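Consider the two complexes below, in which subunit A is the common component and subunit B and subunit C are the respective partners.
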Partner chain A sequence: MSSSRHDRRAPTELRPLSVTVGQLARADGSGRFAFGELPTLPAPWLAKLIALGSTAAVASLNGPIEVRLREELPDRATLEVIHRPLEGVGATSSRALESSLSALLIPLLNLSQHPRSLIQLVVQSLSSTTAPSFSDSTIDFPESSSQKSWPPSETVLSSHTAPASGIPFSSRAASINAAALAALDAGSVAMRGVPIGVALAYIPAESGEEAGLVLDPTPEEEARATSRYGFGWAFGVGLSATPHGGMDMDGEEGEAELVWVESEGQFTRSEFQEALDLSRSAARQIHGFVREQLKQRFNEVKR
Partner chain B sequence: MSLVLPGDAIPLPASSSLTLGPGLTASSSRSSSSLLSEPDESSAPRLAATKLGVLGSNSKGKEKGESMWVEGRSKRYIPAQKELVLGTIIARHAEGYRVDIGSSQMASLDALAFEGATKRSKPNLKVGTLVYARLSLANRDMEPEIECFDAATGKAEGFGELKGGLLLTVSLELCRQLLSPKHPLLQTLAGQFPFETAIGMNGRIWVKAGSVGETIALKRVIEAVNNGELGTSKTELDGAVKQMLA
Partner chain C sequence: MAVVAQRHIDATTCNADNVLRTPRVWHIQVEAVHNEDLHVTAAQLCFYNFLSIFSTTLHPDIMATATLPPASDAATSSSSIAAASSSSAEVFKRLHPASYLARFLTKGYRPDGRKLRGWRDVSVNVGSISTANGSALVRLGETTMVCGIKAEVAGPSSEQPRAGYIVPNIDLPALSSPRFKPGPPGDEAQMFSNWLNDLLVSSDTVPLEGLCICPGKAVWALYIDVVCINYDGNAFDAAVMAVMAALRNRYDRELTAIARLPGATYNDDSGQTICSRTETFPLQLGRTPLSCSFGIFQSSHLLPDPTSFETPLLPTTVTVALDERGVAALVREEGLGGVVGKTGEAVISEAWDLAEERVKELRAILEESTAQA
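And now, the complex of A and B:
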């Protein structure tokens, strides 16, 4: 399958990644992660970011700090996750992302090390968190009557774009990666591994192009997709303990555990499996990139 | 230099005993092979990093064993017993003080935890006073307790109220480095003019020189080193101090 993507990427190619840590001076730890190029500060930074079509998020982690009495837990630290979208105030989709972030992070962070304290994670999305509308001429809808009828007929759902709900998957993945960077930079809470999120989408056949799975879809690609997936992998030794499946031992590379799965749209089991397999190697690639960037940072600021 | 990320496996050193410092944990592998009663190497305890940083190790000889730790760049202070800290008194109680040492909970300082303090005569410290103290109790389940005297001798040994001078907030990493006698910064600065200093493990440094100008020069040099703008070589430091005093 030749490169059919607007940005001339191969289907299994990530956008260029960009990683920065410790940008926020007043937070205990902070990190910024972007799928796609990140413009250099200052300038009309956000406008440039949107123009580049990147998906980015910045996160800060503070803690252990004093906890409010009603949220105090006697045996472990309280993890508070706050997501702020780029536009508007956080609504249901932000709450959903917050709950998946805390579900993903709680097993990886050693919260019992700091009982009766608060670990506060704030994730700010730097790219649009509403799915772009697919007014694109490339998608031809069936006659409007079937669109309006409810329940929608089966054929509409199976042959066409799945309705997008909530924050784009690439934005969710960027949020996870930014949160991981913030936790790494803070270093005050022990971690069992580093979680890395990655998004995929299944693009339907269109004007001579084959249908197929694409890695790290842009918001436009996500809008056209029949199904979308988000996978999070945590890298570390001793992670994951199920005797059957779930865990892989890649020798030198270390172990990886699936810590986050979200998907929407219609897909077959084999499509899902293809996405899952692809996500693991992509997450490993991102993990390697993060390691290189952190190495550079530690070498630059040397005392 | 070897940078480790949380979850990275650390090769076990060959020495007979090993002391684990901060940022490392011994994880017993729970992989499928160890469940099936196969005493191969995968069931042996494995070392893993739990925080981002540079792996450090210190060998005390073949018999005495080795210690390993991860040198991170954390900004948040986590109290540990016997560490020296600088704290600000934020409240007074009938039998002691509440002191901010930068941790998640305030430390408590007993009114009798000073040199020569008795029920009749105890020091009267105001809110806002800076004290140099030692953590006598640091436990994850209890609030930290500090004391301003050496429990072994009953003498002040430099602890207690710090009058005058200037408090700087730097990274925890720089504080740890400065406490090592090999670090050239304080030695080089002391070659210029005499000054007093107290270094807390909680990322705070107190300095006091003969004049206000010298104290401010110290502050600026230390902060420049902290921000990575200034190296720690002797010529560089001497030049910076002279420039700031001029």
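And now, the complex of A and C:
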């Protein structure tokens, strides 16, 4: 199958992954996750990161620490999630991402272990969090400025793509993965599972290209997609209420259960199912990579 | 007496769930109540709280006897028993909301009398705000949402000279529920506003190119404001319904009053846009997605259309939005997905089935309401 993507990836291929933990010295735990970055980057990574077209996030986790009285919970720790975009101040899209992060982390962190305390998670996006604008109509009508009044004489065709708004899905997935790394690095809160996020997009047919689902889309690919998906899978034992049924067990990796789904655009049930199936194997692949990286790090620490 | 007292205490506590679980905070609240009678009952409630800490299950009979005030008058004792037992259920609901809900669910019902998979009644009233370009009032059970759409002329961005703007906003004011504080929009309101924006933009409900008056010079900016009048859970579904009802038009006849903008002409010489006083035209619309929300209770029950009492007990939420052709516009799930015997994947597929049926019903209600307007 010939690749039709700008970065010559196969449709079901992830960008190279990069995982770093414990980068922030003053936090209890921290982690950095990037899609599309070579792991052997030298120090001035920020400049290179934008050039490479990568999607990255860094997260820190502190806790259990003292909680403000009005946020104190008698039966479990309060989880505070703060998201900061790369540019500007966090608006409503950051609030929505924060609420997704806390909804998916609360069942995975053993918060009842530390009642009346605070677990604080801060996620900083390291790649642009605004959707790149994409409009095919500006190319279609270059100088048709004969229109001077509303309503227009002819009906405007609605675009066949789904216009993007908000934080790119790959950036949301990177935030989840960075948060998981920070929690793993801190080790102060027991976890029932490790959440891994991954983004997908359905790209419409274009000149010479076939329409189809692509894994780990770049923001540009997301902008011209007809639908976008983000899936979060938690890897752990005893997460699912099902004993075996439907759960794909494979010894070492444990089971995977859905903890986060976001999707927009226009899609049928079979397209959604296709994306979901692909996301599971991709999340497993990312989880395996994270595991390998952490193993290496802990071996270094031991020595 | 107990019933009256509890109502007063309700008004003095902002977050009853929190307060009732912490005896310390509860004492502070008792001090805040100055009425002598209330003092007594509040102290009694404190005693139940104490009971609840040391006994795993509160038997309703124990509750009833504990609620009995020291009977000074034999004639009033029977009426006070009735009042006491009705309040004991209320106290049980407050102290153990999760087991209260669980007891209903094991019998196959929801606390508001619905079946497990039941939805609440919806009513839609369109064109209720005469000064807006489009408006609708939606009631979803006790949840009431008003949507008003106002259009303004604005300058387009240089990147997209033909694209207008839509600015959706959901307001959950303090008047709609004691859960919301006055002041700047809370996290929940901001989250719903963002969901609504993502849904409207990505589904192309209002094609932005259709809002162009003169390319590069003037476009329409649509302010889509949704205000909650009464909050009883599931604000997002009600808000989406209100927006779609306010936007929807009837194309078949003249003089429809829903979501119409005045005819506008851009004048090159003066650089101004002149709007017509008399002529109005319907908006061009794309897809009309309608959403259905669910919650998962204790990884055991998928509950459609949760109320404000149920919402804090449902850590996992699922939302499915489908358009008029049954094509999905949004599928969202947050929190651990599975329920007993089913994977998260199966739960989403089940929610999708339920949403398909529900959206058909909602669409029929929407058609009916716009036909009457």
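Here, the second predicted complex is superposed on the first by the 257 of 303 C-alpha atoms of A that agree within 3 Å, B and C clash if a C-alpha of one lies under 4 Å from a C-alpha of the other, contacts with A are read in each partner's own complex, and residues count from 1 in each chain.
We adopt the following convention: a residue touches a chain if its C-beta (ideal position, glycine included) is under 8 Å from a C-beta of that chain, and two chains touch if they have at least 3 such contacts.
Quantities reported herein were computed from a predicted structural model and do not represent experimental measurements.
Once chain A of one complex is fitted onto chain A of the other, the partner contacts of A:16 are absent, as it touches neither subunit B nor subunit C.
Of the two partner chains placed by superposition, A:88 touches none, neither subunit B nor subunit C.
After overlaying the two complexes on the shared chain, residue contacts for A:234 are found with subunit B and with subunit C alike. Comparing subunit B with subunit C, more residues of subunit A are touched by C. In the superposed pair of complexes, A:100 makes contact with subunit C only, with no contact to subunit B. Residue contacts after overlaying the shared chain place A:299 against subunit B, while subunit C stays out of touching range.
Contacts of A:288 after superposition on the shared chain: neither subunit B nor subunit C is touched.
Taken together, the two structures place residues 234, 239, 241, 247 of subunit A in contact with subunit B in one case and with subunit C in the other.
Listed in rising order, the residues of subunit A touching subunit C in the complex are 73-75, 91-93, 95-96, 98-100, 103-104, 106-108, 133, 135, 137-138, 141, 144-145, 147-152, 155-156, 158-159, 162-166, 228, 234, 239-242, 245-247, 257-269, 272, 276. Interface residues of subunit B, counted against subunit A in their complex, comprise 1, 3, 5-9, 23, 25, 27-32, 35, 46, 48, 50-54, 72-76, 78, 103-105, 140-141, 173-174, 177, 225, 228, 232.
By the touch rule above, subunit C contacts subunit A in their complex via residues 18, 21-22, 159-163, 187-188, 190-191, 193-195, 197-199, 201-204, 207-216, 220, 261, 263-266, 268, 281, 284, 286-287, 299-300, 315-317, 323, 327-346, 348-349, 352. On the subunit A side of its complex with subunit B, the touching residues are 22, 28-29, 62-67, 110, 113-118, 184-188, 190-194, 234-239, 241, 243-244, 247, 249, 254, 290-291, 294-295, 298-299, 301-303.
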